[in-house]
Amino acid sequence: MTTQTPTTEATQTAPLLMKVRGMSMSYGEGAQENKIIENLDLDVEFGQFISIVGPSGVGKTTLLRCLSGLLRPKAGTIEVSGTQISGPHPDLAVVFQDYSRSLMPWMTTRENVAFPLQGKGMGKTERNNLADENLAAVGLAGQGDKFPWEMSGGMQQRVAIARALAYNAKVLLMDEPFASVDAQTRFDLEDLVLDLQHKLGVTILLVTHDIDEALYLADKVVVIAEKPATVVDEIITDFGDTRDQLATKADPRFAEARARILVRLRKD
Amino acid sequence: MTNSTLKAPAPAAVQPPARKPSNGSGKKLLTSTWLIVVVVAIWWFASANSTNFFIPSLQEILESLVRDLGNGVILGGALYSLTNLFVGLAIAAVLGIGGGLLFGELHWLRRIFDPIIHFFRSVPQAALVPMIIGVFGMGQGPKMGTIAFACMWPILLNTIDGVLGVEPTIRKFSKVYRIPRMLHFRRVVLPAALPQIMAGVRVALPIGITVMVVSEMFASIEGLGFFILNSSATFKVPETWAGALLVGVIGYLISILFVFVEKRVLRWYHASGAQ
Amino acid sequence: MKESTISPGLLTVQRVVAIGVLFGIWQLIIASGTMPSMLPGVTQIFAGIGETIVSPLFWEALGKTLLAALTGWVLASVIGVILGLTIGSVRFLDRSSNILIDFGRSFPVLALMPVVIMLLGSNSIMEIVVVGLSCLWPVLVQTIYGARRQESAVADTVAVFRIPVMLRFRRVLLPSAMPFIATGVRISASIAILVAVGVEVISQAPGIGRQITLMQQAQRWDMAFAYLFFAGLVGWGIAALLQLGENRLLKWKRQNDD
């Protein structure tokens, strides 16, 4: 698209973990065709935290479903670690927005976290140990025997994050993961995710409609807009490894970046 | 717990509305039992001096019930009947749940067989009795088979509904985390559909009991149905009433037992308040 | 749930093929000789169906069964709705009748048949009573649920404006419980046919059920199957019709609900 802005110079040098080229997605055929996404490019480097931000209804969910292999795009390629994906991929894990629906109420939190590992064919003790480890990593040590419905929304979303971590994927896709929790829990979870990312070095791709959240968390913010959706801007943030909900958001560069995104989104 | 039908009604109707916990369990017990005491008392006194040969006094009915329970006449029959019922139900559950999972997961298969399933579940269960027993004889096997056939459809239909109602997010999860097919069936689809499956079994229970009794009334020399019919044919009126009453009590006890088991099995469902 | 784009024509063809396969399996089982010899083959069943459809005896029996089922169903619906609204709107009654209703609905009414026959004889009145007793429970239970679910805001409104009891019954309670009542009434319609045929099988009251046992006793298995087929067909038709009716009637409700 014409609005494609010149982006970073880093992309050319570092090896890419995920590479999306010319991806288009639409529903329906012929005259009925409803184009959702057109000609979208995306580069994800190892260990990067990328936020994809866009207004509600722009097709973020469709984009994420394509990236996670749940939907097959109509055109373009999605490569993970150099191979093109044709469906859900072991290097990709997803944290869904609706924690209360993505966790299974008939399993304990430990079973929930261990379940995908069982699917990988891992033995019982091994997967339970891994589950406990990852529950501890998200601050839920010793809570493995509880059922999800015995926990608060924030805790449930931590379980979902632990489940994604335990799966040991290279890329964590997060679909508005903090949209259904209250503000304070949201800040806690954001800091938890930042902390985990630095400790474990996972690569995270977060989809959100919240500009502050996108900026606060990410190394790179990808702005998508227009109809059909495409990338209209990319912003490399430079707030360093240690961020603070108050200080970082008070940074003048934060305000500047936010204004730039707002302008981008308003234009359409 | 509303359904006494072939197919559980809309889920909204299945959910019992949350009740306020009543303070004072003694008062609660009194409120829930006084009417039964009154009904029994009215029956007792109104029938006490009955001159109608066909309406014996409640006292006579209960006396004959106690007598025949004591001398084993009824107990043997009940054992025979309940064996048929449970074997039939077990077969129905296996076929109904298995088929329901299959039809629920495979949309194309369900679309093709949908009218056939709905036709079979509309066949009057009691009318099968003379057919199946006529062809296969009076033994226990055909009776079990009839019960199984009659009970299978509500379980099948409810299982299909349950499978279709599995939360889409959980299905997405299973795909993204590449859960193998059998594991997905066993640990995701089956538990998610279980509340609806249990509703189907609850619907099947009274159907099973009805077919059980009818099959024994139609052709048998054993069982509760035979006891009732034989008593009425030999004009042992109190025994006839006693038998019918007993079948009712057994039906009620089984349904209570089932609700109890269901609460245990579906603890997560009731506790999580999922719909 | 996305439905793939299969044309209705192709679907019909697939369905016909499926039915054909089932008949084929049936014929194979018959031909294999593992089943008792009385079972009629596919051609005999079709002949039986053809013979039945032109037989005045069949139409008479069908009429009798339907009339008994309909009468019992209507009576049970009226009584069930009135009783259910009363019980459901009065908390004390609701609590008091709980066990009794649970007992009643788990009672296999057909087991009571010999008793009812002793009291009323083997005739259509008896059949209507048994059908009515069976149909009562779903209507009653569903109506109670509907009446219970009265919104507290609505209840407050009724109280504040001091709406008279009868008016409240007719204009507030009944419409708000309507979706539940409709479900109960629909469910009991299927039960009515099933029970009516069942009564006829056991009591030899005239109707489809009796014809099935007569045909079976006369070793006319093809005709017995044909009757059974039509009994199923009628039950299916009624269920489908009522489902359609309920969906139409309650369109507003569906829109509000989800």
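Order of writing sets the labels: A, B and C. Residues in every chain begin at 1.
By our rule, a contact is a pair of C-beta atoms (placed from the backbone, for glycine too) under 8 Å apart; a residue touches a chain by one contact, two chains touch by 3 or more.
For reference, the UniProt names are A = ABC transporter; B = Nitrate ABC transporter permease; C = ABC transporter permease.
All figures in this text were calculated on a predicted structure; none of them were measured in a lab.
Colleague: With one step meaning two chains touch, work out the least steps from chain A (ABC transporter) to chain C (ABC transporter permease).
Modeller: Minimal hop count between chain A (ABC transporter) and chain C (ABC transporter permease): 2.
Colleague: What's the farthest chain from chain C (ABC transporter permease) if centres are computed as the mean of the Cα atoms?
Modeller: A
Colleague: Sort out for me whether B-C or A-B is joined by the greater number of C-beta contact pairs.
Modeller: B-C
Colleague: I'd like the most central chain, judged by C-alpha centroids against the all-protein C-alpha centroid.
Modeller: B
Colleague: When the C-alpha atoms of chain A (ABC transporter) and chain C (ABC transporter permease) are each averaged to a single point, how far apart are the two points in Å?
Modeller: Spacing between the chain centres: roughly 52 Å.
Colleague: With centres defined as the mean C-alpha position, give me the chain A (ABC transporter)-chain B separation in Å.
Modeller: 48
Colleague: Please compute the C-alpha centroid of chain B, do the same for chain C (ABC transporter permease), then give the distance between them in whole Å.
Modeller: Chain centroid spacing, chain B to chain C (ABC transporter permease), equals 17 Å.
Colleague: For chain C (ABC transporter permease), which residues are in contact with chain B within the complex?
Modeller: Going by the criterion above, the answer is residues 1, 3-4, 6, 11, 14-15, 18-19, 22, 35-36, 38-39, 92, 95-100, 102-103, 105-115, 117-119, 137-138, 141-142, 145, 148-149, 180, 183-184, 187-188, 190-191, 193-195, 197-199, 201-202, 208-209, 212-213, 216, 221, 224-225, 227-228, 231-236, 239-240, 257.
Colleague: Residues of chain B touching chain A (ABC transporter) in their complex?
Modeller: 167-170, 172-173, 175-180, 183-184, 187-188, 191-192, 194, 268-269, 271-274
Colleague: Which stretch or stretches of chain B touch chain C (ABC transporter permease) in the complex?
Modeller: Result: residues 2-7, 9-10, 12-13, 17, 28, 31-36, 39, 54-55, 107-108, 111-113, 115-116, 118-120, 122-131, 134-136, 164, 205-206, 209-210, 213-214, 217-218, 224-225, 228-229, 231-232, 237, 240-241, 243-244, 247-248, 251-252, 254-256 of chain B touch chain C (ABC transporter permease).
Colleague: Can you check the complex and tell me which residues of chain A (ABC transporter) touch chain B?
Modeller: Going by the criterion above, the answer is residues 68-70, 87-88, 90, 92-94, 96, 98, 101-102, 104-107, 115-116, 118-120, 147-150, 167.
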